[in-house]
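Presented below are the structures under discussion, each in the form of structure tokens.
Below, chain A partners chain B and then partners chain C, in two separate complexes.
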Partner chain A sequence: MSKQTVAWIDLSTKKVSLQPPDPSLTTAFLGGRGLGAALLFRHIANPNDPFAPENPLIFAVGPFTGTPWPTGARYHVTFHSPLTGIYGYANGSGFFGPALRRAGYQALVITGRAERPVYLEVTPEGIAIRPAEHLWGLGTVATHEALETNGARVACIGPAGERGVRIAAIINDRGRAAARCGGGAVMGSKNLKAIQVRGRSEESLPFPFLEQARRAFAKVRDHPNVVGLRDWGTVVLVKPKNRVGDLPARNHQLGQVPWAERVDAQAIARYTYQTKGCFSCPIRCSRLTRIENGPYAGELEGPEYETTDALGPMCWISDPEVIIHANRMCNDFGLDTISTGVVIAFAMECHERGLLHSDDLSLEWGDANAVLGLIERIARREGLGDLLSEGIRRAAERIGGNAPHYAMHVKGMELPRQEPRIAKGFGLGHATSNRGADHLYALPTIDLAGNLEAARHFFPAELVPQLMETDNEAYKPDLVVFTEHYCAVSDALGICKFSTAETYALYPEDLASGLSALWKREISSAELLKAGERIVNLERLYNVRLGLSRADDRLPTRFLTEPLEIYAFTRDEVTGGVYTSPEPLHVGRLHDFEAMLDRYYSLRGWDKNGIPTPETVRRLGLEPWISSL
Partner chain B sequence: MITIHVRYHNILQRGAGTARETVELPDGTSLAEALRHLADQHGAPLREMLLGSDGNIASYLVIFRNGQLIGQQQLQLPLANGDELMLFLAISGG
Partner chain C sequence: MHLEAIAEKCTGCRICENFCSVKHEGAIWPERARIRILAETDSGPFTPNVCRQCEDAACAAACPVEAITKDQATGAWVVNDDECIGCESCVEACPYHAIFFDAESGKAFKCDLCGGEPECVAICPFGAVQKVP
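Let's turn to the complex of A and B:
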């Protein structure tokens, strides 16, 4: 069980109190995302105002964070989202989370609002609230430069979070982000610029756990499914996704671009000067990129696949230097790159349809000045940027007309970079996710990755053939239910899904063995997955309490009404030209989304309206939690 | 000569224009040679899916031989009469 402390920090009264962790919460919800969900469920004070000072902002680590367990690098931030108005969280990697654990903390629960800008100095000796007026207004890189002293690790916001931009991220370790749901804006609303952590590694871990961790580390390091991520980073996905039509372009009007090689892994590799791994990571998928000269000269971590598509093909940008620079701008302003790219692509389509114009930006597809100009205006809430800084749903409502049809979001959160008419498990997962559209809530990769071994291991043999057909919707709900649990466990333990639900280098059995050794009591993989199910259900109940139901588990209408033609591209070996096949290779469409939703609810033990039944609540031990419903 | 059975999955099925086929190959044909043979036989677009721009077997191709996952280092091993290959083009999350 966790030996770390939970720190309650009230920025209004400047009071800090330390409490031992609640063993009942750790048993039921493990840590990280599970602990954050439980604490937010209990302590949300004003769901009508996400910026209300009394609402908590919770930083939590998992039991594997900061240990030698492979990829034990992640921290979780939970809050009531200003972007969606519902349950919200963001998850980040790097070295900040491990430092928090090594400083002796399981969670920081931050409430109140400081009178003036402050930052937190977190050490094993305690937590101090320090003035940050000298940091206010700085970008995240300069903030890191100011606070990364004496080995400190830093998480901070940039100008976007300070201004309450609803797609603002929290940036840590200079180039990593806890990006989604607008957590940066919540941090800004509390006048909290940064958290500076200095950890010490004095914790003594059980020898059997260290042995398990060592074996698991080797298993991840040597697994064939991590090779592409290690060799090329996540941008390795650009080329195969473009082949199958899962590289969204022009705001999902297209699923491919004929110029993918300009922005694929090889293209980004030309700017890569170093590969990088997070704490205790054998995969090392991150890239440090540098542009030597010209208007976009500079260097930073990234871009990842999601960012590359959002700021590239989605906006019809084919210049890798523009994408790299746009990523760097978002990072320094403290913006979520997925939401930023998607809201800009939305603005470009609204312009194409005659619904929107700007006096000083063209808003034409592929215009680098428009993309870069809008990033700055969003972060500073200037001009058209002020509208887009509210997030895509609010912007579409204000533009009016048919604009909501072009707004790619679920529950108010901008869609990540999968194409639901091709990657159908992802489509369902985006719709059902309790934090809004999210590729990491379910991460249902088994069919797309051809991971027959995982399919055989986790599903009945009679389901496997249809489950492995990407276009077959019959058992996508089964896939999503399982992977939602596995992802919740991964987030709760504080590890990266690139070791679990993305690659299946580790199975739940591996995690259960590790946790059993760490906590010195037997925990089965079934118990672990049930904890994942409990977390998903508590998150659902949080939203049910706010009035959400089946009507909110919706995909944007484009995916339900417009078929997507996928073509084959052939390169002429003599001329180097790329030719598009005269006929589509495939037409992507969702055949029966409602049937997928019905089966998903049925498998979950939820009613037709997407509400957990009393029996499900009882089975998961969540009865004490629903007295407030 | 050996006979092998090939099952194409998902987009590869559309690239090949068939879900499965049986092909005859000379004794001693390696897996890599068999895949090149299929690429040559079908031409575009299957060729573009099986082979990378450098002409090597595409790194995102997932191959099962008689139900067992095949690693890149096993591509040069010779196939046996009656072998079944299952081919997937792998993409994943983000």
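Let's turn to the complex of A and C:
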């Protein structure tokens, strides 16, 4: 194994202690997300106050981060979430994670609160706590400009994180984000503006691993399922999702927009001047866009699909320039684009229903000034923005009345951009995810992508026909259970799911042979997936300890009570007008969500309440962890 | 600055390949030369193939670790050995076959304009490779 260290940094006492990694944790939880979960589980000091200084904020990399393994670019931030009040994490890509690995660190565990704003300077020689008063208040772009010296890589917060906005993100490499769960606010509560990483260690990787990595790299690069991502970016999804009703619009009142071509991949391509990839990535799904002139002139890394829907169709915004500009504002303020878009759409629907009103913003669907104005007010906690900056669940409670019905969240986290009445597996995955609504916790794409090859590889033959029917809920739990494990493994190894659970360019077998070569001992794909299952269960136990159960694995009531009509749109070539079919093609509804949940729990070895049974805990070797329960 | 090849002047003597490899590898080793002579038949015609140092370099754009960067002093695109992960994406991307892969070190290599004084230009007896500012 590598010679990486774990740095324990106490900002209150300014003490830094470097310790060797705990090999038992690495064996059981691999690294990255698994290591973060284990460290947070063990060291959480005050779960009642997410901003308590003694709570840890953990940056961790996986064994593949910073190596030539394809997409080995990701780092993981784990913390007690101020947005949801439960287990929380965010995952980011770019070049920051690899720099951390190459500087010789497996994890940074940050506790305490600095008296005055500081940033961390991380090098192979050690870690220094530096004053950051001159950076406090700056946007993330200006912070990067100040700290990206001599090839340093930076992760930082913007004004939103400084002000404790509960949907604040951590932004790295200018345009990448570890956004979800409000990690930016935790960083802000510690008075930690940024982490600057520089230098590289002379870690030599085993030759057989390099061979495996080269083979895997070519496999991902040449795989047909990555072509769309490379050629168009993730916005390639807009058009097909709109056709089937999986492009949420108007706060999930609709699953389609009649004007999808205004915000689809081709529309974004008009602003794209370069494609970009993260460290060691052959997929290169990121776009660099530029608006030449007008009120929204400027440059951006983005927008990707989730942002495009959240700030576009969800708020009924059809102008790509507004979406690009809103994305740029969110990045500079350090805001989670998904949560920001969803909370704004929520405010607009509350306004439509007569529950919310603003003196200076219209809050009408599709009003660009309202969207851009709210982004700024949320980041600065001004006026209505102060209410929305608390996250959708708290805002809905404060507005009262029927507002919670319009709040699209699970466990307090704003829903990512899938439609649970159409994408059934995603619906279940949003509900069961241990960090609240999350498309990347399960990422059950096999049925939606029609990936029969993967379905046949991973599931018993008799399940496959029904499993592949998108509207058939019978075996969606089987799909979600498997993909949750595979996603946990991807996050723990420090790689991107676009090489694994999204495209299946790499199978668990490929990852297992890579890790075996890296760690110089035989690790089977079954062991690897079991480690994934262990991570999911430990995360569940963290929440069980806080009192969570089946009642929290809930989708918003809209999805359970309102059917969703899906139409066909025809474009008249002569007039350019769009005609909607007189009858809906399909009506999307959840047939029996409770049955899905029951099957999911029983497959997992959890009781009817969603709590792991003692046998499950024993099978996964987690008994030592639950003595505290 | 970049190099320009004048095919009509090339006699196929390959002295440039020899001197290029001596300059960069310390040995006469044409397989490691950054400049290569393309020959249609053994007796010609010959074309010196050199890196164009493209404005919008496909190799740099394809590199997944940003290891190929432009040397502002010479205008040459240079491979940073510490960053290179040996994925060969640049080799596949270059439309001119002017960047190469060394399987031994696992790194890519290419013409760096010898820091501003290209050896091939200095040595070619017929002026078949020239420096263009």
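Please note the rule applied: the second predicted complex is superposed on the first by the 627 of 629 C-alpha atoms of A that agree within 3 Å, B and C clash if a C-alpha of one lies under 4 Å from a C-alpha of the other, contacts with A are read in each partner's own complex, and residues count from 1 in each chain.
Everything below uses one rule, namely that a contact is a pair of C-beta atoms (placed from the backbone, for glycine too) under 8 Å apart; a residue touches a chain by one contact, two chains touch by 3 or more.
Being a predicted model, the structure only gives us computed values, none of them experimental.
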(message) On the A-aligned overlay, A:R618 touches which partner chain: chain B = first, chain C = second, or both, or neither?
(response) neither
(message) Looking at A:T570, would you say it contacts chain B, chain C, both, or neither? Reply first, second, both or neither.
(response) first
(message) Just checking: does A:R353 make contact with chain B only, chain C only, both, or neither of them? Give me first, second, both or neither.
(response) neither
(message) One more residue to check, A:L443. First (chain B), second (chain C), both or neither?
(response) first
(request) Please work out whether A:E453 is in contact with chain B alone, chain C alone, both, or neither, and reply first, second, both or neither. (result) first
(request) With both structures superposed, pick whichever of chain B and chain C touches the larger number of chain A residues. (result) B
(request) Check the residue A:K14 against both partner chains and state whether it touches chain B (first), chain C (second), both, or neither. (result) neither
(message) Output check: A:Q418 vs chain B and chain C. Expected answer is one of first, second, both, neither. What do you get?
(response) first
(message) Using the superposition on chain A as set up above, list the residues of chain A that contact both chain B and chain C.
(response) none
(request) Would you mind writing out the residues of chain B in touch with chain A in their complex? (result) 9-11, 14-15, 44-45, 48-49, 53, 58-60, 62, 64, 67, 69, 71-72, 86, 88-94
(message) List the residues on chain A that touch chain C in their complex, please.
(response) 67-68, 70, 95, 98, 200, 210, 213-214, 217, 221, 274-275, 277-282, 284
(request) Can you check the complex and tell me which residues of chain A touch chain B? (result) 224, 227-228, 234, 236-237, 239-241, 243-246, 261, 304-306, 309, 416-418, 423, 426, 439-440, 443, 445, 447-453, 468-471, 497, 501-503, 566, 568-571, 581, 585-586
(message) Looking at the complex, which residues from chain C come into contact with chain A?
(response) 61, 64-66, 82, 85-89, 106
